[in-house]
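Look at the two complexes coming up: chain A is in both, with chain B in one and chain C in the other.
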Partner chain A sequence: MGALLSLSTALILVLIAFAGVKEANLHFLFGAIIPYIAIITFIIGVIYRILKWASSPVPFRIPTTCGQQKSLPWIKHSKIENPSGTLGVIVRMALEVLLFRSLFRNLKTELREGKVVYGSEKWLWLAGLAFHWSFLIILLRHFRLFVDPVPASLHLLESFDGFLQIGMPRLFITGIILLASVSYLLFRRFYIPQVRYISLANDYFPLFLILGIGITGVLMRYFIKVDVVNTKHLIMGIFTLKPEIPEGVGGIFYIHIFLVSVLFAYFPFSKLVHMAGVFMSPTRNLSNNSRMKRHINPWNYPVKAHTYEDYENEFREKMKKAGLPVEKE
Partner chain B sequence: MKIYDGGKIFIGIIIFLSVATSPFLFNMGKATAKPDPKLDTPEIQKMKKKQCVEPKEFMRREHMKLLNEWRDSVVREGNMIYIGVGGEVYSMSLQSTCMKCHSNKKKFCDECHKYVAVKPYCWDCHIAPKEN
Partner chain C sequence: MSNKVPTPDELSKIDYKPPKRKWMDTPVEFKPGTWCYGSRPKYLEAVGMPNPRDWKPSDEDWKLPENWKEIFLEGMEERLRKYRSFRLFMDICVRCGACADKCHFFIGSGDPKNMPVLRAELLRSVYRKYFTTSGKLLGKVAGARELTVDVLKEIWYYMYQCSECRRCSVFCPYGIDTAEITLIGRELLNLLGLNTDWIAGPVANCYRTGNHLGIEPHTFKNSLEFFLSDIEDITGIKIEPSFNRKGAEILFVTPSGDTFADPGTYTCMGYLMLFHELGLDYTWSTYASEGGNFGFFTSNEMAKRLHYKIFAEAKRLGVKWILGGECGHMWRLLNQYLDTWHGPADFLEEPVSPITGTKFENTKSSRLVHIAEFTADLIKHGKLNLDPSRNDHLKVTFHDSCNTSRGMGIFEEPRYIIKNVCNHFYEMPEDTIREKTFCCGSGSGLNAGENMELRMRGGFPRANAVRFVKEKHGVNMLANICAIDRAALPPLMDYWVTDVRVTGVHELVGNALVMKGEKERTVDLRNEPLTSKESKEE
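Now for the complex of A and B:
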């Protein structure tokens, strides 16, 4: 149900862009106004989410530890898996953000001959890593349409990405990897019963949206060609704050940019905001120094206590009369 | 709203903002000129009907694909004959057909290629026309 809803939403978005440009001639709306709204929504939305998270106190150290805590000098300390200071946390976070280290530990649980068995499961990690890295490289590659003159480092990136020299324009490897990995991530939601059971519309929708962006991008580059010079002119208009719509930019470009706009506007309000959230997860970004430093709960109220000393002071005479032992005479 | 670890949050937001707005920041205060490829070579001036091997719109979008097909046709199949839109016969050759008319590589090819940051590998093998 969720999958169908997401797929039809994505298809309707494609149709909206197509009809809006082809039938209603709303080029300026799709080529300038909607992208601006999306950029503003994205930036303000992400900052709002960050501030909202930051307003939750995290008084205690709650890192998930996977190694020996810093202890006596002759016990080997696992510096990255159980960091005791900032440096360890930085290394741990870097491994998490760049290589998805915690996902690498992913296990598969199965019932075999009445016994629960655990097995290694690396496909999700591999597809996730391939997807995120190729998405990043594709985004960086797009800077050739965002800036003028284009820095030399982008040429280097493109020459690595297109080094197979298949066809013309050259086939980019990351495009293939992105489509393959997103397809896998979608396929696994359908195929694994447990994953399918917990998958909701907002799990499927980003996948369909990204698939749509990838497919329109590939179509635009290799099959339904657009006039790249005019397309760059349009994009440069957006980024120099002088939007204008040149002639001869194909309809497929408007579909692509509309889907990208939807992705950016949807970003802060969906699971996609894990881009910012990963840096703020207290189970990852805290050092485990609870034994070295006392962390006090900021909302502790003063507790009215009645100590034994007070008790004895209050009842000393009565206690003596009753023959009970007292600490002070 | 009380913000905890305000310093770190502030640094994070600054980094996010500068990355998210980088296309705007790169282009700040820069006027970009749209490329203007020139067709004013002596060879084109001499032509009565100014017509490339295919219509202009097709060439704008598909020239890279056409050149790639020409290369495969000549190098792999040994076929050098190309029939144009109006039945004209052309020899499939970058240097002696394309560049005969478009002898102004800098103002014709490079003008747009530089703008959209494309580095074709034509000239790894072919000899670029000499220009002043």
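Now for the complex of A and C:
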């Protein structure tokens, strides 16, 4: 049900954009107003989320240690998997964010003739990594539409991305990787029974949305060509706060930008905030040094405890009989 | 035991395929043998916990306070404000499913609500309903649901089917830690008086007598003296430890299980022998007679109340530093919580081994040394005369305990000790040890009798790995550094593996330790004959 609902929502969004531009002629709404709302929602929403998380303190130092602690000098310390200082944490976080270190550990657990066996399972890691990296590169590539003149670094990125030198316009490999990896991530939500069981509409919706964005993007570049000069004109208008709607920008562009707008506006209200949240995860971004350096809990408060005095008062006679020393005779 | 546990054959038929019906529409079913009895009122009263009354989890009416929903939700709001972990982990899960088959309870039961992600969703769905806009507006579509009595019961059932081992958090791409979620979940349930008897009892005992088992000071002393006579029989050496002694250099704290029940008692004998042989200036305390802390499985405040005694006693006795025995969750707390709760430990000194002069730099603030760190350092400096052949009748493997692995990272120290006191050591498969170690199935206060089926299910992956090394190498002894392991693994081994016994690392040390003036040893600490020299040469 969640999947169907998400798919139909995504399709309705496509129709809204199409009808809005083709039938109702709401070019300015879809080409300027909605993108502005989306960008503002995204920025304010994400900042709000981060501040909200940051407003809750980290009372205890609770890293999940995944390697040998720092202890005796002759025991090899696992500096990254069990960091004892800031440098180790930075490397650990970099590996986590850039290479999905924890997901790389993934195993498949199976039962064979009453025995549990563990196999390597790297597909989720691979698809996840491929998806996130290609998304990032595609996003960066789009900066050629936001800035003029296009900086050299972007040309370099494009030449890497288009290294296959196929076709005209040149085929960008990241587009293919994005569509393939999102399709896989969607496929496994249907195919793996446990994953299907836990999946919510919120899990399918962004996948359909990104798939729609990718498909309209590919269509625009290779098949239903849009006027690149005018499109850039429109987008530059948005970013220079002088929005205008030039002629000859195809309907497909409006669908594309509408889906992107929805994704940005949806972002802060959804699980997609994991992008920001991962940096704040206390099981990953803390060093395991709470015996070396005292960690302070800002809301630490005194508690009612059973003191030695209470204890001795209750057991004094028994203690004396047993020859245990006491404070008061 | 009131519930008949199915046979291993029956139990190992596990279906991982989730049912057709959606989880939110599937009401919780309290299966016999999978849950613990509700706490008796006297235990809650003893420590001033709310809503003491007689109740059974299987009852229709849980005798909740009238405004229970308000209490629960307000408690949730308070904890969202106090714990970044909780707020973040409620928000950022993407339900990728990487954690699903990492939980020993899921592997052993196939119950989809034992997948860490779904265990957390039980609470997350309530969070969404009352604390997020989308959940308030969209309800079920956004994965949100009302908090009803049935939902509360479901949360209770599954919060007490998590042993807070943190294995899932190793694999989660965002480090979401189910232990944080179930610790806080249990804390919320405790606001309504919904603890288990097996946790509430030890908590009440511990508060009054200093230890979970409720051992009073004179009895504590007596049980140690009982071991001393055993040691004298085996080694010919008379040991006289001190209790509650002011001015000792070191305070030794260990879980009370080691002073009470086999096979932990043999580990305790190992400590006594080692300290005697070193001539260590140390003392036991009958007041700080428990390193473990079932308060941790109740609420953060209760945990803090119970662990007050450790620094307080060290201060009263005027020791220089604290040495901690082999225990799992005790060491997660000593490593990650104690100094934050009750520090700074500025009345102590930075710990230095009086035997080797080694400074324990890694604990220069909290001044708490793990006994495996202490002993490994002794062996490295050649301060112990060891005869590992006295453990030749044992083929040993090592079980990393959850808390010391994923909440500390003490992997090499115990292995170094074992390799120096035993000749036959074999590792279990890589995916089942160190940071990927599997729980005994009974951690976090689940080691009761009435939930034996759950414990056998939860311990299935661990037992399976032991069976593997038993078949491959003839392993017959499972070593560990945790008192709950020593209590929980023997029945697990009897159930799934057979003929593998359980030991603490310092029992092995006690066997191998050649003491000054000892008589020739013919038996080990369990009074079982050593492999004779002749039969070894054959």
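Criterion: the second predicted complex is superposed on the first by the 301 of 329 C-alpha atoms of A that agree within 3 Å, B and C clash if a C-alpha of one lies under 4 Å from a C-alpha of the other, contacts with A are read in each partner's own complex, and residues count from 1 in each chain.
Just so we're on the same page, a contact is a pair of C-beta atoms (placed from the backbone, for glycine too) under 8 Å apart; a residue touches a chain by one contact, two chains touch by 3 or more.
Quick caveat: nothing in here was measured; it's all calculated off a predicted structure.
After superposition on chain A, the partners chain B and chain C are seen to fit next to each other with no clash.
Applying the stated contact rule after C-alpha superposition, one finds that A:R49 touches chain C and leaves chain B untouched.
With chain A as the common frame, chain A serves as the apex of an angle whose CA-centre rays point to chain B and chain C; its value is 160 degrees, to a multiple of 10. Once the two complexes are overlaid on the shared chain, A:N82 sits against chain C while remaining clear of chain B.
Shared-chain residue A:M236: touches chain B; no touch with chain C.
Looking at the shared chain after the overlay, A:G248 reaches chain B, while chain C stays out of its contact range.
By the touch criterion stated above, A:D227 is placed in contact with chain B alone, chain C being left untouched. By the touch criterion defined above, A:I12 reaches neither chain B nor chain C.
Once the two complexes are laid over each other on the shared chain, residue contacts for A:P57 go to chain B and to chain C alike. In the superposition on chain A, contact of A:L136 is made with neither chain B nor chain C. The larger set of touched chain A residues comes from C, when the choice is between chain B and chain C.
When both complexes are overlaid on chain A, the residue A:D148 reaches chain B alone and has no touch with chain C. Our summary of the superposed model lists a minimum C-alpha distance of 9 Å between chain B and chain C. Residues common to the contacts of chain A with chain B and with chain C across the two structures: 52, 54-58. Contact residues on chain B toward chain A in their complex (touch as defined above): 1-6, 9, 12-13, 16-17, 20-21, 23-24, 26-27, 30-32, 34-35, 57, 60-62, 64-65, 67-68, 112, 114-119, 121. Residues 39, 42-43, 46-47, 50-52, 54-58, 143-150, 154-155, 158-159, 165, 167-169, 225-229, 232-233, 236, 239-241, 246, 248, 276, 279 of chain A touch chain B in their complex.
Residues of chain C that touch chain A in their complex: 9, 12, 14, 16-18, 22-23, 48, 80-88, 91-98, 100-102, 107, 112, 115, 117-118, 121, 132-134, 141-143, 166, 169-177, 180, 207-210, 216-218, 221-222, 243-246, 286-287, 301, 304-305, 308-309, 312-313, 316, 334-337, 339-341, 343-344, 358, 360-366, 368, 373, 376-377, 380, 405-413, 416, 429, 431-432, 434-436, 460-461, 464-465, 467-468. Those residues of chain A lying in contact with chain C across their complex are 2, 5, 49, 52-62, 64-72, 74-76, 78, 81-82, 84, 96, 100, 102-103, 105-109, 111, 114-116, 118, 124, 128, 192-203, 269-271, 273-274, 277-278, 280-284, 288, 290-297, 299-300, 303-308, 311-312, 314-315, 318-319, 321-325.
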